[in-house]
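The two complexes that follow have subunit A in common; it is paired with subunit B in the first and with subunit C in the second.
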Partner chain A sequence: MGQLFAVEVVYRGVFQKTLAKNITRDIVLAAHNEGKLGISFGRYGDAPERNGIPAKSFAIVANDEQTLEEGMAQYEPKHVDLTVVLDDTLSKGAESWAWYGLQPVHHALKPGATLIVISQEDAPALLKNIHRRDKAYKLAILKGITSFSGMWVFKDDHTDVRVLGAIASALPQLFSLNSVLQFINEKLKSELKVISARNAFDRFSTVDVPAGQGNPEELFKFELPGWDHMRDGVSIKGQPQGGPYADPVTGEVGGFRPARNELFKKYSTRSMRPVVNFSTCTKCTLCGLNCPDASFDITPDGHYDANLESCCGCGICEEVCPVKECVTMVNESEFHDNKSQWEAFRKDKDAYLNWLETTIAKASPIEKRSHGFRYRGQYQEQVPEALEVARKG
Partner chain B sequence: MATLTLPVEEKKKSKINEQEALITGAEAIAIACKLANVDVVTAYPIRPYDTVMQYISQLVADGEMDCEYIVAEGEHSQFEIVKHASVCGARVFCGSSGVGWMYAMEALTVSPALRVPMVCMVGNRALDDPGAFGVEHNDALAVRDLGWLLTWVDSAQEALDTALIAYRVAEDRRIFVPLAISCDGAFLTHSQALVKIPAAELVKKFLPAYNRGDLLLHPDNVISVAPQANEDWVMEIRRQNYKVTEVACDVIREVYAEFEHTFGRKYGNPFFEEYMTEGADVVLLGMGTMSTPVKVAVRKLREEGKKVGFVRLRWFRPFAGPEIAKCLERFKAVGVIDRDFSFGSPDLSGVVATGVRSAMYSSSSTRPPVIGFIGGLGGREITVPDVETMTDIVFRAAKGKAQPLTQWFGLRE
Partner chain C sequence: MTTSTFVDEKPTQNLEPFKGVKKVPHEEYYTSGHRTCQGCESAQIMKLMAKAAGPRTIVLGSTGCMYVANTSYYSTPWGVPWMHTQLGSSGSAALGAAAAFRVQMRKGAMKDEPINVIAFCGDGGGADMGLGAISATMCHPDYNLLILMYDNESYANTDIQISGASPYGVNTSFSTPGKVKRIMNHRWKKNMAPLIAVGHPTVKYVSTISTSYPLQAMNSVRKALSVGGPTFIHCLNPCPKGWDFDPVLSFQLGELAVNTGIFPLYEIENGKLKMYGKSKDIVNGRFKRLPVRDYLLKQGRFAHFIEEDIEYFQSKIDETWDKWLVPGIIPLQKDVEAE
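Let's turn to the complex of A and B:
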C-alpha cells in the first residue's frame, strides 16, 4: 500500500460550508500537482444547511489509485492525519446534526498528529476548552478572525490559502509549499493569496500537547440501544411538562422550567451565547416567547434565564430585547461552563454585574459580533480587518 | 394466547342469528367493517374500490354503522388520515385501486415502520393505461417488500371472513402492521353472491378491542411518533419490521384456528387452498378469482383422465415459503398463473412465479420445474381453454421436455 492521507475540516453549518468545501477541494488539487490522487466530500450525516451546526468536510489523498480506494472503503475516515478547525468555539466539542453525543474536536486525530485551529486566542486559552486525550498531539494556532459568511457566499479573506500554507508546513508529505503556490497561481490567480499562503507557511508553529492535558470535562455520551431493546413504532417517550423550581438564596419556589430531553443537547452548535443583565431586565417576556427552542427558564422572580444546555445560540433573544444591552450575544470562547447566570446573579449581584460588564465589553459592536448577515456589503467591509490580523499573525 | 371457548348453546344461537344475503365482495367487506365496529373510515373514489366506500356510506346513512366517515381530497390524505387515527387508537378502514393506491404510496411506505394496523381493501386494477380499470395485481404487489401483509380472496364470503381475520391479525401486538385485502376488480367487487353474515355478538367475541398499549398517542401516554431518524436508527427500525414477518405465519395460523372455532367455517391451511391435488401429477397455482375458470378446467381435465390439481395462494405476504415448497414438491411440475407482471425479473416471469421458484430453490429437495404463465391482465378473462393449454404445457414439462419458462396467454397475436 502506498501513502494515504486523510484531512478533516471541522466547521460551522451555513456560515462556513462553502469555505470548508473549498479547502478540502483545494487540498486535493494542490496534492494533485505532485501527481497524487484524491477525493473530497462532506460528511453525509451532517446538515450543513442548519445555522451553526458542527459539520465536517474531508479530503482523502493517496499516491496511487489502489491506495486511494482503500482510503475510500469507509465513507467517513475514522483516523485523520490532520484536523483543521475553522471556528475556535468548536474547541468545546463538535457534534453533527446526527446527534450521538458530544465528541472532542480531535476525535479522529491520529496520535502525534496536528490540530490546526483558526483563533485569536493562545494555546493555554484554547486548552481550557479542548478536551484532554490519552495520546499526545500537536496544536497549531493560525491567528485569524473566524471566517463566517453565508450558505452560498464565500468571504474571500484568504482563510482558505492560509490553511493550505499551514498544511504544507504541518504535513509536508501531503504537499509542498510549491505545490500550494502553483495551485494558487494557476487556479486562484492571485498574487496576494500567494503571499498569504507563504506567510502562513513561514510562521507556522506548533505546541506539543502531552497526553492528559486539556479540558477535564467528562464528555456527554450515551449508548444506542439494540433493535430489540428500543421502542418500536418509530416512537420515543415524550417529555413531561416541566414545572417550578427554587430560588438558590431564598428557597422560594416558583417560575417554570420546561422539561428537556436529557439526551439531546445542542450547545455545540453555539458560537455565541446570550448574557442577561437581570438588573435592567423589565421582565417583558419577549426573549422567552420568541426563543424557538423554549430555552429560557422562567425564574421564581419572573426573570428569563437562558438555559445553556439547551440554547443553540441563534441570537433571536438579543434581537427582540427592547432594553439596551440587557441581552447581549457574546463569543462562546469567553465561557468555560454552562452554569445558570441567574443563579450567579442571585448569589452575588455585584460580582455578577461586574463580570457582565467586562464580558460585554469584550464583545465588539453588534454588527461584528453577529454571525449573521446583517446588511449588504458587510462581508466586504470585514475583509480588510481580517487580512490585517492575518498579516500580523 | 388465550383460546376463546363458546358454550354450546351460544354456538347454536349464533347459527340462528346468522343471516344470508346476496351481496358483492365489496359489500361483504363493508358489512365486515360494520361488524368490526370500525371507528374511522376514509374514502376517495376510484373504481373498483369505490363500491366499498359507497356501501359503508350507505350503512352510515342508514344508521346501521357509527363511524367517522371522512372523504379525503385524494388517496395520499386518505391513507395519512387513517394512519394518524390508528396511532391515536382508532380501528380504521380504507382502501383504493390501481393508480389511486400508487398516489398514496408515501403514506403506504411509512405505515409499516410506524406499526399502524390499518386494514385496507385493494380493488385490484390495472395501473392506468388511460382509463383501464380491469383487474391486475400489480397495484397491491407494489408494496410487497415494504412490510405490509397482503392477502387475496376469491369469493364474497371469503372477503367478509378475511376482513374480520385481518383486524385480528393486524391488531395483534406482535404484528401491528398494515394489511391489504385484495379483491379482483369486477369479478369479485361487482359480482353478487350468497354470503353468510355472522352474528354481531360472535364477532365481538372473536375480535377484541384494538389496544395500542404503549404506542398509543394520547395525552396520558406522552410519546413522540416519527421523530427524525438517521443512519443510527434506520437499520434497527427495519429489523423490528423483519421480526413481524418472522412471526406473521404463526399469528395467522392462530387466528384462522380461532375463526374456525368461533364461526364454524373452515379454511384449512390459511396460506393456500388445495383443489383436487390428491393424486395429481401436476398443479397450477394462482391468486384471486382466476380460481373459478381454473377449477372448472381442472374438473374437466380430471374427467379426461389428466391428473391435474390447483393451488390457490391466499397470503402473498407473509409468503409461507417452506409450506408452499413442501406442498408443491409432491408434483412433477408446477404452472404458476400470474395476473401481474414483473418486467425484467429472473426468467421474465410474473411476481408469484418468481416467489414460488425462490421458495422451491431453498426449501425443496426435488425442485420440480416451475412454468410461469402471464394472463388476465387489465381485466381480460382467463378462460377454461387457456387453462387446458397451460396444463398441457405443464405436463410436457413434467415429462422432462424443456418448456419456455414464461408464456403469455390470452394475448392477441
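Let's turn to the complex of A and C:
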C-alpha cells in the first residue's frame, strides 16, 4: 500500500459549507500538482445540513489509485493526518457521525499530528475549551476572523488559501507551498491570494500539547439502545410535560421549566449565547414565546432564563426583546459552562451584574457581527478588516 | 339554513382564543430536542401549533424538514402523539386518522371525546405533491381536521430545491442564476390559501398566518380546530438556511413579508373574508406598503437581482393589491364581462 493522507475540516454547517467544500477540493487539486490522486466529500451524517451544526468535510489523497480506493472504503476516515477547525467555538466539541453524542474536536487526529484552528485567541485560551486527550498533538493557530457566509453568497476573505498555505507547512508530505501557489495561479488567478497563502505558510508555528492537557469536561454522551431494546412499531417515547421548579435561595416553587429531550442536546450548534440582564427585564414573555427551541425556563419570579443545554444561539430573543439592554448575544468562546444565569443572579445579584457588564463589553455590536447574510454589500465591507487581521498574523 | 341529515358532524373542543401573550399557557407539546437550524421558523410554528392545540391532539407530519429534523436519532421534541406520513399524503393521513378515531369511539374502543387531528406538510408536500390528497380531504364535511402548511418556499430538507411556492427569480439548487440567464425561476408563487378556500366550499375555515405574529397564529389554529370540518392554514416561515440570511433576522423577515404586501394575513370563516394585522391596515389605507426591496435585499437568495428584477417584483406585488378582485388574495380582474 502506498502513502495515504486524510485531512478533515470541521466547520459550522451552512455558514461555512462553501468554504469547507472549497478547502477540501483545493487540497486535492494542490496535491494533484505533485502527481497525487484524491477525492473530497462532505459527511453524509450531517445531511440535511443545518445552520451552525458542527459538520465535517474530508479530503483523501494517495500516491496511487489502489491506495485511494482503500482509503475511500469507509464512510468517514477513522484517523486523520490533519484537522482544520474553521471556527474556534467548535473547540467545545463536534457531533459524531449520525448522533451518539459529542466528540472532542481532535477525535480522529493521529497521535503527534497537527490541529489547525482559525482564531483570534492564543493557545492557553483555546485549551480551556479543547478537550484533553491521552496522546500528545500539535496545536497551530491561524490568526483570523471566523469566516461565516451562507448557502448562496460566499464571503471571499482568503480563508481558503490561508488554510492551504498552513497545510503546506504542517504536512509537507501532502504538498509543498509551490504546489499550492501553482494551484492558486492556475485556478484562482489571484496575486493577492498568492500573498495570503505564502504569509500563512511563512508564519505557521505550532505549540506542543502534551497528553492530558486541556479541558477536563466529560463530553455529552448517552447509551444507544440495541435492537432488542427498541419499542414495537418503530416508535419512540415522546417528551413528558414540564412543570414549576424551586428558587435556589428562597426554595419557593413556581414558574415553568419545559421538559426537554434528554438524548439530543443542541448546544454544540451555538457560536454565540444570549446573556440576560434580569434587572432590566420587564417579563414581557416575548423571548420565550418566539424561541423556536423552547429554550427559556420561566423562573419562579417570572423571569425568562435561557436554558443553555438546549439554546442553539440564533439570536431571535435579542431581536424581539423590547428592552434595549436586556438580552445580548455574546461570543460563545467567553463561556466554559452551561449553568443557569438566573441562579447566579439569584445567589449574588451584584456579582452577577458585574460579570454581566464585563461579559457584554466583549460582545460585538449586532451590526458588526458576522453570522450570515444581513444585507447586500456587507461581505465586501467586512473583507478588508479580515485581510488586515490575517496580514498582522 | 337547512342542514343535511346525511352529513354527520361531531363536536369539536371549542378552544377559546388566548386573550394576550401573558395569558398563553406555559405547557409545551413541542419542546426542545429537534435538529433544526438556528432560527428555524418552521420549528417555531410547530411549537405554536402544538401549544395552541393542547394535549388532546394527534399530529401527522409528511416528509420534509419537520419530519427529518424532528425524528432522526431520538431527537424528538413532540409531547403529543406524532406520526410520519408520506410526502404527498398529509390530506389522506388527516382524513384517515379522523375516520379511525370515529370508528374506535363508536365501537367503544376509546373514550368518545373530541380529539384534534392536525396534519402538517411543507410547501413541497402541500402545494406540490400533496395537493390532490388535500383537495380530496377538503371536500369531506364530516370530519374535523386541520391541515397546516408550513411554507419555507423550497424543498428545504433536501438542500433547497425549487417548489411551487418558491418566489419569482429566487436562487435555489434548481434555479442557480447564470451569466446568460439571471432569472431561472419564472414562476409566480402558488396562491395556496385562496385555492383551498375558493375551490372547496365545504371548508369553513382557511387562514394565512406568520410566526412573527405568534398570538394571532395560535388563535388561528384554535379557531380552525373549533370551527370544525376540514380546515386549512398556510403559514409563511422564513428559512435562514435556504433564504440565506443571519438567523437573527428570522422574525424581522416574517414581519417584512407582511408589511411589504408580499404575504397578506387573512382568515376566511364560512365564506367571510377578514384581513387582520398590518394587512388590514394596508387595505384600509392606514399603512403604506413598504417597498419589496427592503425584504429582498436582506436575503442572499435574491443577491443576484438587479434593479430591473426588483422593479418587476414590485410591479407584480402592486398588481395584486391594485388590480385583483380581492386585494392580495383573488387574482381575478375587477371588471366582470357579462353578456
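Just so we're on the same page, the second predicted complex is superposed on the first by the 385 of 393 C-alpha atoms of A that agree within 3 Å, B and C clash if a C-alpha of one lies under 4 Å from a C-alpha of the other, contacts with A are read in each partner's own complex, and residues count from 1 in each chain.
Following the convention adopted for this analysis, a contact is a pair of C-beta atoms (placed from the backbone, for glycine too) under 8 Å apart; a residue touches a chain by one contact, two chains touch by 3 or more.
Predicted model only: the values in this text are computed from it and were never measured.
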{"item": "First (subunit B), second (subunit C), both or neither touched by A:198", "value": "neither"}
{"item": "Partner chain in contact with A:319 - subunit B first, subunit C second, else both or neither", "value": "second"}
{"item": "First (subunit B), second (subunit C), both or neither touched by A:236", "value": "both"}
{"item": "First (subunit B), second (subunit C), both or neither touched by A:162", "value": "neither"}
{"item": "Most subunit A residues touched (candidates subunit B, subunit C)", "value": "C"}
{"item": "Subunit B versus subunit C as contact partner of A:227, first or second or both or neither", "value": "first"}
{"item": "First, second, both or neither for A:25, with subunit B first and subunit C second", "value": "neither"}
{"item": "Residues on subunit A lying within both footprints (that of subunit B and that of subunit C)", "value": "98, 100, 236, 238-240"}
{"item": "In the complex, subunit C residues that touch subunit A", "value": "21-22, 24, 26-28, 30-41, 43-44, 47, 55, 65, 68-69, 71-82, 156-160, 171, 211, 214, 240-242, 244-252, 297-301, 303"}
{"item": "Subunit A residues within the subunit B interface of the complex", "value": "45, 98, 100, 224-228, 230-240"}
{"item": "Parts of subunit A lying in touch with subunit C, wherever the complex brings them together", "value": "13-14, 47-53, 98-100, 149-153, 236, 238-242, 256, 258-261, 263-264, 266, 269-270, 284-286, 289-295, 298, 307, 310, 312-316, 318-320, 329, 366, 369, 371-376"}
{"item": "Subunit A partner contacts - residues on subunit B that touch it in the complex", "value": "87, 113-115, 176, 214-215, 222-227, 229-233, 235-237, 239-240, 243"}
